[in-house]
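Read through the structures below before going on.
Presented sequentially are two complexes of subunit A, the first with subunit B as partner and the second with subunit C.
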Partner chain A sequence: MSIQQPIPEATPATTVVVRTARNRSGIFGGRPMWLIWPSIVLLVVIIGIPLLIAIYISFLNLDQYTLRSWISAPWVGLSNYITALTAGNVIGASALTSLGVSLAFSLLTTLFITPIGILAALTVNTTYGGRTLVRSLYLIPYVIPTFVTALVWRQMFLNGTGLVDRFLAAIHVANINTYWLLGPNSFWAMVIADTWASWAFIYIMVLAGLQSISHEVYEAADIDGANAWQKLTRVVLPQLRHILGLALLLSTLYHFNNFTLPFVMFGTPPPLQADVLPLNIYVSSFQLFNFGLGAAMSVITLIIMLIPGFVYLRALRLGEVTAS
Partner chain B sequence: MKGNIRYVSYWLSLLLLLSLVLAACGGAGSTSSQGQTLHVLIGYNSTYPAQQKQWMQQIAGEFQKATGSSIAWDTFSSSSEEQTKLQTSVVSGSGPDVFSFGTTFVPTAQATKGFTTLTDQDWQLVGGKDRFFKQQLTMAGSSPNQLISVPWVMRPFAMVYNKELFQKAGLTAPPTTWTEFVQDAQKMTNPSAGVYGTEIDPSDSFDPWKIWWMFAGQLGGSFISQDLKTAQMNTPEAVQAARFWFDWATTYKIVNPNSMAWKAGDATQAFANGKVGMLIMTTPTLKPTLQKSSVADKYAFAPMPTIPYGMQQRPANGVPDATIVSGDMLAVADYSNVKNLAFKFINLVTDEQHQIQWTKTFGDLPVNVQAANSLASQDPQTAAFIKAEAGASPTPFTGVWGPLEVALAGVSSKLANEVATNRYDPSHIKPLLDQANQQIQGQLH
Partner chain C sequence: MRRRKRDPQEILPPPVRIVAIVVLAVLVLIPLAYTLLLSVTPDAEVGTGSLIPSQWAFGNYIQMWSTVSLAQGLGNSLIVSGIASVIAVILAVGAAYILTRFTFRGRLSYLYSLVGLQTVPNVMLLLPLFVLFASTQAAIHIRLVGTYPAVIITYLTFALPFATWLLVSYLGSIPVDLEEAALVDGATRLQTLRLIIVPLALPGLVVALVFAFLTGWNDVLFASVLTSTETRTLAVQLQAFSSAQEGGALPLYGQLMGAAVVSALPVVILYMAFQRYLVGGLTAGGVKG
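So, the complex of A and B:
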């Protein structure tokens, strides 16, 4: 390598200009984007590669016999997907039924926790004595580990001896021996337990959103003669649209993927009405040793979960410049 | 030129990061300066956690003195965790050197081909085949010269009954036939006091198959054919087995109607509270729990009945299996590079002295023949258990046995669901068993 031209030491300014011009024309505008490489590497190794492996496994017949040399397990094409979508399952519900249960569970839970969360946030939005204590109390259900919540609710829902049945019998609403952990009630037991544990998430998000609403907006509404309900529906909620939308999306996705609560509350195999998709996948893969089927169900779940995410991103038009 | 350097440094930093990450993810095969490390995975003992910790320290110390190498312990607290660890190790080719698992899981473990088959030399290293209880060796591998595991402890199944409730009902001895069992239970049942003759735990993950296996075996049936090629989970014997168990709740009414959601722990708790007359499918390791409960010193163990309901004797091909070959086995992973150390470890924990110590501390019975004989001569209860295990029947040695247990638990759970919601009918049993049969047949090679 040889540089024949004379080094322009008499004109350092020119060199600086050349360097800056080259940077400005770079795609990242001169920002040190190489700092992102560690995150990208970790994402690829921890999420990207396992995802590709899972998709590959979904086309294989992978069981305890072929597990050790899984790369050369027999290829069965779409057979696992067809089984997932059509066959019944002696362990629990078929994959389609599980999907229905999961969707109903996540949508209903989100539906219940939204008004509770919004109301709770409104109660601590104005300053009063003891507000800090109330705020802390609201967070308690959310910070308790899920398996502890599930265990305690399981004890409460046991028929005959659990608190729920004893209470309902005491107020003469239901028989003391009502089954909550089996049968149709098991679905509602799961919804109740998860509603109790997760309303604080909506509360936190809404509270954050409320902080960004300035006083002037409220004052303007007062001047226009709005009452409390009108202020809530015409002023506050529209301002919260974006953050509430995000909270609802995250909440739905979280509840759809919630494995710990039904696993600890019902164990395996779970009752049909509470056989959510993550639990179904776990039993199929790890207990029945049918990893191919479990992988196929996981891929189906992923595709379904991408839909609301995609819709949300399009609705918010994220990434595009929006006028504030 | 500067652009070149920046370009090169980007890729160098990326490569460096990638290699660091992959090195961190790589398996650990550490070697200490004095010797090597043996990784051992055993079940966590929730009844005796402090004693288990002590035992692990003591064994590690003795092992260090004998071989100059150390032991790195790992525990699992549920069979789900054990299975996951096993699956991960088999796929990744790294993990514990020595695994402990239950006898009925050995066939599935062998199917993964992840464990060493012991050669004659290996058997010498672990103390010789003659050292071990013969029945346990029947579950150590698919055939006598394809053994992948070594027996560690025995846990025969039996029935425990409440002596006080027996006395109140005027019963003098535990039942030996299932007809007597139902009659005795009916005599002890007193719904107004919340006391029931026996219990049922259909929502448990592992009890249902064991109980149905016992019933079906006594009727002359089996869940897998002799040649291990055909699933037989929907034969008349299997259907009758499931039906008889649920009859306890629906026909004879000798169990708590709320027990459809029960798991094994709930049933044990009911017995410990004095609400159950007879608790079946338990092991002597229940003793410490019972001694701390309200039925302390008021219980006794007995083998389970062996003659089917309504019959005077077993059918021609019925087996008097009062218990399955049950206990824990130790196996050495094929990927292990300290196999000789592993066999030395197994030798250490299965010699007479250590086996007697284990029984006295944790309650499981010894697999070491000399230890078993010595304990039997001291205590008649132990002698009875050892006798029961000598007559134990091995479960079919097939890789689908693990999934089969889960499939039957699924059938049991669905039937329990029906009983709980008043939609049960005995005619529903066969279609569910047909479905389970089809699913397991699909896995049989």
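So, the complex of A and C:
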């Protein structure tokens, strides 16, 4: 068993090569366009309309009392946005603070998983006995459901009795009574847990990229007498530029949207240092029932996500590939 | 004297490679081993001096079923994730067929929006859907929040675009020549879809089904708001069980870890068994949290 991914260099994992039968449809009768209508209608009803409603709600003073007739809830203009950016909710951070936490969390995690993922991919790029086993092992943390990862790491970081505190105390690095699930350390607990769970994403992407580099390139490097480090930095990594860029972008987006890990690890309300944006929106909306504030924070999140989202769409180059 | 023929693809010298593998393996395995160890530790002994329990409490794996309604949670997870993934794949195969076989206005926008939708934060959709469900049920007196359909609908918000996206790339790789042969022989478009495309795309359909299923299985966000005591999914059940251990008399960490093992094991086995088919999909939908 091997990991097989048809990813040629310079085209991402999700590239679509689409052949259309544009001139032939006439010959073979009608086009069954009704096949796509249920999807379109459903997507509009369950995603399109809700997105518009979320934007509308963000201008309302909507709580559990005005929820019944939300269409006629009092219009408060931008005041939810002002609250979101300055005060935040009663028990949590402001959207701006949360944004900082989320950005630091997603960027740092991505920064940590990248070298691990590249290293792991390099260890299985050549054939040897037991390689399949190693590959399977690498995948385990990534495929475990996030809520289980969170439960496991919550246990690992338990104050005094968890494995992390025991280990740090045994090697005399920290007091056995170090708190990881409360206070400033919670941010690092979250980063460590997510790094453990998600480095295989980079690993899969890089491995696919490595296998698409042609054999001659490696041989040429050998003939030129390149050493391992030169081969990696001058030959391999430049070839992986595109796929790695895409992997980093997707990883950052993924970590930015990660709700489950901090929610299950810390519960609500989370420590201020781990109050990521999705969690803040959740607490504001469904525990304090300030739906207007939650919606305003969601809209802010969406606007921020538009930037990397746009870069991602550009990188896919759907138009060029599918124009054939 | 024969020198070992060196694989030109080799970048790490074998000793470095072995050290790297060992380090990575240890880092991967420690939390897993700790979890397995705790799951067979008597609850009273979790957190006492030694790591190795005085006796193996395999009973944790039996007791936990009555401590938490695990069976109910498992059943609920199977029902909502199962129904949502089947609906998603059926709708997606039709959409993917049209998207790969015909050109029409808005086709490219549709493809773009499939990807773009995956960057929309889940919590942003949960809020308006909750408001819609809550106000609808107040208006027409039909309970929605806490029922299966509400959860299934919200799961479709990510299962459907994702399944469509996977199937577009899969169907796009099936040559149109086969269909044309059938069309020449007088088959209708629908017959070609049913008799040629679906059988050929079966591995792709299964992959899409598995991923759509797993997004539901792994979800905590939607289910924590939209399920009631009877419809709670396994993930929410465990999350509630975990937070109930705070401040309790005797935290049932052994049973909690046992339940965690039981929720993760089927997924891990599924991946290991069908690794070569599933790995590609892992990166295709890497955006959603």
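Note that the second predicted complex is superposed on the first by the 266 of 324 C-alpha atoms of A that agree within 3 Å, B and C clash if a C-alpha of one lies under 4 Å from a C-alpha of the other, contacts with A are read in each partner's own complex, and residues count from 1 in each chain.
Keep this in mind: a contact is a pair of C-beta atoms (placed from the backbone, for glycine too) under 8 Å apart; a residue touches a chain by one contact, two chains touch by 3 or more.
If you're wondering where the values come from, they're calculated on a predicted model, not measured in any experiment.
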{"item": "Which of subunit B and subunit C A:L137 touches, first, second, both or neither", "value": "second"}
{"item": "Touched subunit A residues, subunit B compared with subunit C", "value": "C"}
{"item": "Which superposed partner A:T109 touches (first subunit B, second subunit C, both, neither)", "value": "neither"}
{"item": "First, second, both or neither for A:N80, with subunit B first and subunit C second", "value": "neither"}
{"item": "Contacts of A:L42 with subunit B and subunit C, given as first, second, both or neither", "value": "both"}
{"item": "Partner chain(s) touched by A:L181 [first = subunit B, second = subunit C, both, neither]", "value": "first"}
{"item": "First (subunit B), second (subunit C), both or neither touched by A:E219", "value": "second"}
{"item": "Partner chain(s) touched by A:D63 [first = subunit B, second = subunit C, both, neither]", "value": "first"}
{"item": "Partner chain in contact with A:P269 - subunit B first, subunit C second, else both or neither", "value": "first"}
{"item": "Touching partner for A:L158 - first (subunit B), second (subunit C), both, neither", "value": "both"}
{"item": "Shared subunit A surface residues [contacts with subunit B and with subunit C]", "value": "1, 38, 42, 67-68, 70, 158, 160-161, 267, 286"}
{"item": "Subunit A contact footprint on subunit B (complex, rising order)", "value": "1, 10, 13-14, 17-18, 21-22, 25, 80, 83-84, 87, 90-91, 108, 111-114, 203, 205, 256-258, 260-261, 263, 266, 399, 402-403, 406-407, 409-411, 413-414, 416-417, 420-421, 432, 435-436, 439, 443, 445"}
{"item": "Residues of subunit A touching subunit B in the complex", "value": "1, 34, 37-38, 41-42, 45, 63-65, 67-68, 70, 88-92, 158-161, 177, 179, 181-184, 267-272, 283, 286-290"}
{"item": "Interface residues, subunit C side, partner subunit A - complex", "value": "6-13, 16-17, 20-21, 24-25, 27-32, 34-35, 38, 46-47, 51, 91-92, 94-95, 97-104, 108, 110-113, 115-117, 119-132, 134-135, 138-139, 153-154, 156-157, 160-161, 164-165, 168-169, 172-173, 175-176, 180, 183, 188-190, 193, 214, 217-221, 224-225, 235, 238-239, 242-243, 246, 253, 256-257, 260, 263-264, 267-268, 271-272, 275-276, 279-280, 282-284, 286-289"}
